[in-house]
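Chain naming follows the written order as A, B, C, D, E and F, and within any one chain the residues start at number 1.
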Amino acid sequence: MFYTDGKLQYPVRVERPNPQFARALQQAIGGVEGEIRVMMQYLFQGWGSRGPKKYRDMLINTGTEEIGHIEMLSTAVALNLEGAPLSFQEEAAADPMAGAVLGGMNLRHILSTGLAATPENCNGVPFNASHVYASGNIAADMYANVAAEATGRALATRLYNMTDDAGMKDMLSFLIARDTMHQQQWLAVIEELGGMQEQLPIPNSFPQEQEAQQFSYAYFGHRIDGQVPAGRWTEGASLDGKSQFKPMKSEPLGGEPMLAPPRPDGGAQTEQVMASSPAANDPLADGTPSVA
Amino acid sequence: MFYTDGKLQYPVRVERPNPQFARALQQAIGGVEGEIRVMMQYLFQGWGSRGPKKYRDMLINTGTEEIGHIEMLSTAVALNLEGAPLSFQEEAAADPMAGAVLGGMNLRHILSTGLAATPENCNGVPFNASHVYASGNIAADMYANVAAEATGRALATRLYNMTDDAGMKDMLSFLIARDTMHQQQWLAVIEELGGMQEQLPIPNSFPQEQEAQQFSYAYFGHRIDGQVPAGRWTEGASLDGKSQFKPMKSEPLGGEPMLAPPRPDGGAQTEQVMASSPAANDPLADGTPSVA
Amino acid sequence: MFYTDGKLQYPVRVERPNPQFARALQQAIGGVEGEIRVMMQYLFQGWGSRGPKKYRDMLINTGTEEIGHIEMLSTAVALNLEGAPLSFQEEAAADPMAGAVLGGMNLRHILSTGLAATPENCNGVPFNASHVYASGNIAADMYANVAAEATGRALATRLYNMTDDAGMKDMLSFLIARDTMHQQQWLAVIEELGGMQEQLPIPNSFPQEQEAQQFSYAYFGHRIDGQVPAGRWTEGASLDGKSQFKPMKSEPLGGEPMLAPPRPDGGAQTEQVMASSPAANDPLADGTPSVA
Amino acid sequence: MFYTDGKLQYPVRVERPNPQFARALQQAIGGVEGEIRVMMQYLFQGWGSRGPKKYRDMLINTGTEEIGHIEMLSTAVALNLEGAPLSFQEEAAADPMAGAVLGGMNLRHILSTGLAATPENCNGVPFNASHVYASGNIAADMYANVAAEATGRALATRLYNMTDDAGMKDMLSFLIARDTMHQQQWLAVIEELGGMQEQLPIPNSFPQEQEAQQFSYAYFGHRIDGQVPAGRWTEGASLDGKSQFKPMKSEPLGGEPMLAPPRPDGGAQTEQVMASSPAANDPLADGTPSVA
Amino acid sequence: MFYTDGKLQYPVRVERPNPQFARALQQAIGGVEGEIRVMMQYLFQGWGSRGPKKYRDMLINTGTEEIGHIEMLSTAVALNLEGAPLSFQEEAAADPMAGAVLGGMNLRHILSTGLAATPENCNGVPFNASHVYASGNIAADMYANVAAEATGRALATRLYNMTDDAGMKDMLSFLIARDTMHQQQWLAVIEELGGMQEQLPIPNSFPQEQEAQQFSYAYFGHRIDGQVPAGRWTEGASLDGKSQFKPMKSEPLGGEPMLAPPRPDGGAQTEQVMASSPAANDPLADGTPSVA
Amino acid sequence: MFYTDGKLQYPVRVERPNPQFARALQQAIGGVEGEIRVMMQYLFQGWGSRGPKKYRDMLINTGTEEIGHIEMLSTAVALNLEGAPLSFQEEAAADPMAGAVLGGMNLRHILSTGLAATPENCNGVPFNASHVYASGNIAADMYANVAAEATGRALATRLYNMTDDAGMKDMLSFLIARDTMHQQQWLAVIEELGGMQEQLPIPNSFPQEQEAQQFSYAYFGHRIDGQVPAGRWTEGASLDGKSQFKPMKSEPLGGEPMLAPPRPDGGAQTEQVMASSPAANDPLADGTPSVA
């Protein structure tokens, strides 16, 4: 259950409203690197958490922080929209470049919200909750969270560099700092659980003898000249300490697939049904659907 | 530029076709943890790669491998659909539970594809390319890739456990092994670039003195009872070696936001425009849009 | 800024887990009538609220309640998934209807989340934030909220009737009661602002003399037999007290549109460009693009 | 079954084509407040209508009107695109601000349609039919329709204010008038059915004694300072005449949820499976999955 | 402008309601091969039609027919849902296979619509209007329409074969016939315009001397063994009569791309910025961004 | 299985980077007429191909070519973004029209990718794999492919005309040529299979005597004045040589539909349940759900 105090986690100040920067800020709200995503990701990970309760508590706690980040950014969008032109004629009056400001805005900021934020990205694409990763595997989730915070901090620094509004820079300096911490936080869980040696491969509960281990630490080359791009991933001990990296030229281990012919009542063309006779297509002798 | 040989990277064999397992396998094709996603993610990362060329080559190379994984899984879906019922009446004839098999199928496997795979997940939701993370930051991308392969391997092991078809288990044992390697591979890049100490926080090119550093290594507590869930993230050296973790009770540093009243021609209700006079709402004295 | 206490707003109890009911419950989480939608809708309405501050406070307050409803339902989904079959073989062992339970599940509950909720609807379609209505017009928003709570309560009563699990019925009886209140709450705002007579038409700030008033209170008939379906909407005083309803047979007031021919370099077929000469198409004489 | 006469319901005239206004108009076609949505919403409500036939007839009749509104707006978009620049070089010739007009356009108007409308919103996001509300409950549907027409009229007035083209203002004055009527129309159905006292709570067919009635008319406060935002929703008779509003501080009635540990073969990390022993996590004594 | 008569274009009769067939029928309403798509596609093509007016009239006319097809199918869905189980307990009472029918249903048919159709496909994925092709090029549009009607008729025949309900077979026999005609109709436009020789390549208004004509009639082989799959596409006159088909082994005509290094303030890792010095990466000498 | 050589199929050169043209080029990558779509469409058609193996080989071969087209266009986008402004202040310094360039960009090119391509269209809408048509019917697929290449070539010529950059024109002249060939290629398959006479109607395996043949070659008129738009589709032999086209005024063959009343526990309003008594609504006498 949740509570609020109606206040902002950190001050949000705009010195010179810029409706195009309002559009840019939307990426931090509803973009795939944004705050709605991490808010929902951490909360759903917490709500579905199985195993040690401490992780549930930590996840819901940080998910709760992120709701307040959406609040800050929504406020920043609204403040950047103060004084935005609502019509082509007023924009033309203020500025001979009629259309340059309106043209660069998310027009839904005028038409749909009356100068307020939307749960969309900088192109007006609405947030889609398929981006909420909550896998039931704590290590996979932690890496998904690191990825979210790493792309999120890259986004926040790009927004920081895009503006010279002191208020906006101040707000972003806070959000960037929080992203720094959150990257650390999720990696700290991996460390607490034993680090890469214990946690890899993810999931570590699957018996590795059931995987095709001859391919588990090989970097496959798919260059037609047979060269294999080399690096740390082609030599040295694997990061889980269980094997050695090696390069391997990829060769097809399977043959050419051959599917059974379509049924006459399956909506194909007659020519597909007829031409698919055994003589014409050399299907597998025993009729078992299989490809090797 | 790309080439093919028409063969499968690894044999695909189905002993007893199961059209419901065909539906499950779709998650590995078009799900967010699936192969279309990593194929496009690695290729787009490679095509947009700026900086050392070796990473471009490595990414495109592995992206090329992933195309073949989609091919394997699409073949597996088609083979699992061989012999699927096309009508309620034939299902009823074979089995008194009319509708139980058809009901559990992705009906598009019959209606839209004629017993073949689609670029959709196990619920028939089409793949959406917003899941392709290619941030222009190599460390962020590597963690996004680890997350994809960690959730991808969790998915593959769940599919492995879901079936007892020896052919399918064999195919999945190969894909699981490749996911093991790919988790390693992306983390090896982080190590090659200096490991967490060099690479964190991401992006490491942003001067940390510009972030609000007092909050950069603090875990914020948002519990109303003031408790802060403790763990590795609240004590000890930070993973980048630059500071110490600490717990901190989150307190609002900003005030209550107050937006300017709507313009009379902005599509609000008159009561919003009128009631928003300074006396009624105590806006900030100087009229500057700001919230602190 | 937001806080939590880690507890549930109301007890969530499942007596006999039913993984298919878990799928049904998803509609109340990520469906268009569900809790993610109202949570985000009320919060975004509050964060963008312009005008009297009391509505901002009320909206954020209720949006905060809704976060806890998602928490309750996510818990209910997870509990209904306890003991769900993870494979076809174990299902077959327990029950001769192999595939009947698995077939009716959201397979992502197994494959993607490890038996936990997702931010999706009952068909596995992820929540899309375009459903968050926050128009900047308080009366429009209130009606959008009533619509959300009316369809939401219809959904909750259908879920209530679908199950005979006493725990689930108890939880739903609470959510149904809250939907009762929330329907009232949004309509109470309309009443507080003067009721339909003051608030209609929405937005009431647009001068009605600028609309084509001869059509403002007429119900148009589009039946080819000229009949006009009659009811309260064709007779009596309008609900805003400003006019009388009347039926009106719809007749075309405009002519047939004629667009200018395509430019030769605009990607059309040559036959379109040529055939569009004035003689062939009878464009308007003065070349002004217009249709009347 | 449907018919047409090839004419426009109301004249569509553009005096000075403005390709950026064409983009704005798209919101009224394919936006969530737009005409495709109401067209499909009223038709699907009508086609699925159960109960008195008069509502079916009325809904299909008005849905038929809305098809013609899409036609008008599509014509308006095409006319606003007449003469739009097709290339950067011609724009630069006409105007030193190369890119300002093209930059503010929906480029699909050039690249995909050859200067014609698309079923998309003002940001180019395609219409998504999940916005079609047809709940099978007539009162819920009527409020959904009021919400659509209220946000739709707000949109239309914003478009009206955005342009000073006399032709466009004339067309919009008609659409605004129709939105006025349609708001009335749906509320008239509620009145005809007995008004709020009879119709609330929706659905009124669910026995209220089955809901947790102690919470049915209480406004919950979630402020950490215990304050409850007051208004009409915290005092006075409820709008259905069945109770009194009251404020209530929200307190958690449920405990902390505890889910069962993951199965060893469920794709979690081993540490989740092991640490989830009863001693470590204090699960409920009887093993029944439940949270209270 | 549009009209209705409230009647069905063709009788819709269901002898034995089948709620799972109701799910299947949804593909013909909201699937990509379905009626909403063609309705909107033909109407938008007509509304944006530039060039000879006869095509506009024909398109709108047939688009108007398609609205009635959605009406027929929506009625068929509702009739197939009559008597569907609303709860697990009643299903269990009727049939020991509790969950087999409900499990195979689109649960939104119960939860969201009260036993009526939705604008979704057979998996419950809502129709997305990006499938509306209206390119401004009449030949491209005609082929898009043929594709829609060809996949649409394949779908309708599969539905026909899936059911043995005489009423449903009768309705589908009508829709199949209409798809037969509509395939013919769009190809007849191509013929009327001069057939493939005149219409290809599409758009035929682009001067072919501006394309790289040495590649315009060559089938490229991308097999690593150099073989080129042969057929009508590798020999004989091209279908536009302008050239001869020929096979050609695809060889890379361009070199390896090298992008400029990231800017230091662009959010990349420092190692990308630094390592991108000319010495390290061998960028193009003159610094011009280009790849050849 | 797939291979690469790291080189471009054709040179990609940009003389004067134009970040707004980068946005336009995105349509050719992730638009519905773009290369991701055809790449996936041809590969999925090939992987699911049933019937003569030669089509499978041809499809996979051309799908492999298309991967390289995405690579070329992604490179072109990145090169057009070289030197793009990253902030409002630098843009203002270079040009007094602050915001005109940034405003017309896809801001994700800065914020999300660090100046590289995304799998999105020109409006930033991510590619959605529902556009991958692979019907299991080879003739339907061929027409879907022609439609893709026809709209794709229209797009490419519009991009060609939009720019005067010689490098971009050169690259596009190659892609346009390939689209010319690919239109031919898919039509050549139709010819090889016997042409329209053999292949129509699609699917040709469905016995035409099962369709309502009196309507199979009739063009229906839906004009209220009874006129039927005439053309090749209303007279002459049908294109499959099996019948004659004829015009036919559309008349309703079915009656007005009447659905059964809602169940009392189905979530409707009580007034719907009660008013639906036989007397009030005149349902069909025998209670059989049917509409004729």
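Everything that follows uses one rule, which is that a residue touches a chain if its C-beta (ideal position, glycine included) is under 8 Å from a C-beta of that chain, and two chains touch if they have at least 3 such contacts.
What you see is a predicted model, and the numbers here were worked out from it, not measured in a lab.
Comparing contact pairs by residue number, the interface of D-F is reproduced by A-D among A-D, A-B or D-E, since over half of the pairs coincide. A count of contacting C-beta pairs for C-F and for C-E identifies C-E as the more extensively joined pair.
Between subunit A and subunit E, two chains of identical sequence, the interface residue sets overlap for the most part, with shared numbers making up over half of the total.
A rotation of 120 degrees, rounded to the nearest 5, superposes the Cα atoms of subunit A on subunit D. Here the spacing of subunit C and subunit D, counted between their Cα centres, is 5 Å. Taking each chain's centre as the mean of its C-alpha atoms, subunit B lies 27 Å from subunit C. Annotation for subunit F: residues touching 2 or more other chains are 1-9, 32-33, 47-48, 50, 57, 61, 64-65, 75, 78, 86, 97, 100, 103-104, 112, 114-116, 120, 123-126, 128, 130, 135-137, 139, 151, 154-155, 157-158, 161, 202-203, 206, 222-224, 250, 252, 256-257, 259-260, 262, 265-268.
Here subunit A touches subunit F in the complex through residues 18, 20-21, 23-24, 27, 31-33, 97, 100-101, 103-105, 121-125, 151, 154-155, 158-159, 161-164, 222-225, 250, 252, 256-262, 264-273, 275-276, 280-281, going by the rule given at the top. Residues 3, 5-15, 17, 32-33, 54, 57-58, 61-62, 64-65, 72, 75, 78-79, 82-83, 86, 114-116, 125, 128, 130-131, 133, 135-137, 139-140, 143-144, 146-147, 150-151, 153-154, 157, 160, 167, 170, 173-174, 176-181, 183-185, 187-189, 191-192, 196, 200-203, 206, 208, 210-224, 228-233, 238-240, 245, 250, 252-257, 259-260, 262-263, 265-268, 288-292 of subunit E touch subunit F in their complex. Within the complex formed with subunit C, the subunit F residues making contact are 154-155, 157-158, 161, 224, 265-267. The touching residues of subunit F, when paired with subunit B in their complex, are 1-9, 30, 36, 40, 43-44, 47-48, 50, 57, 60-61, 64-65, 67-68, 70-71, 74-75, 78, 112-120, 126-130, 132, 134-137. For subunit C in complex with subunit B, the touching residues are 1-6, 47-53, 86-89, 97, 99-100, 102-104, 106-108, 110-112, 114, 120, 123-126, 135-139, 193-194, 198-199, 202-206.
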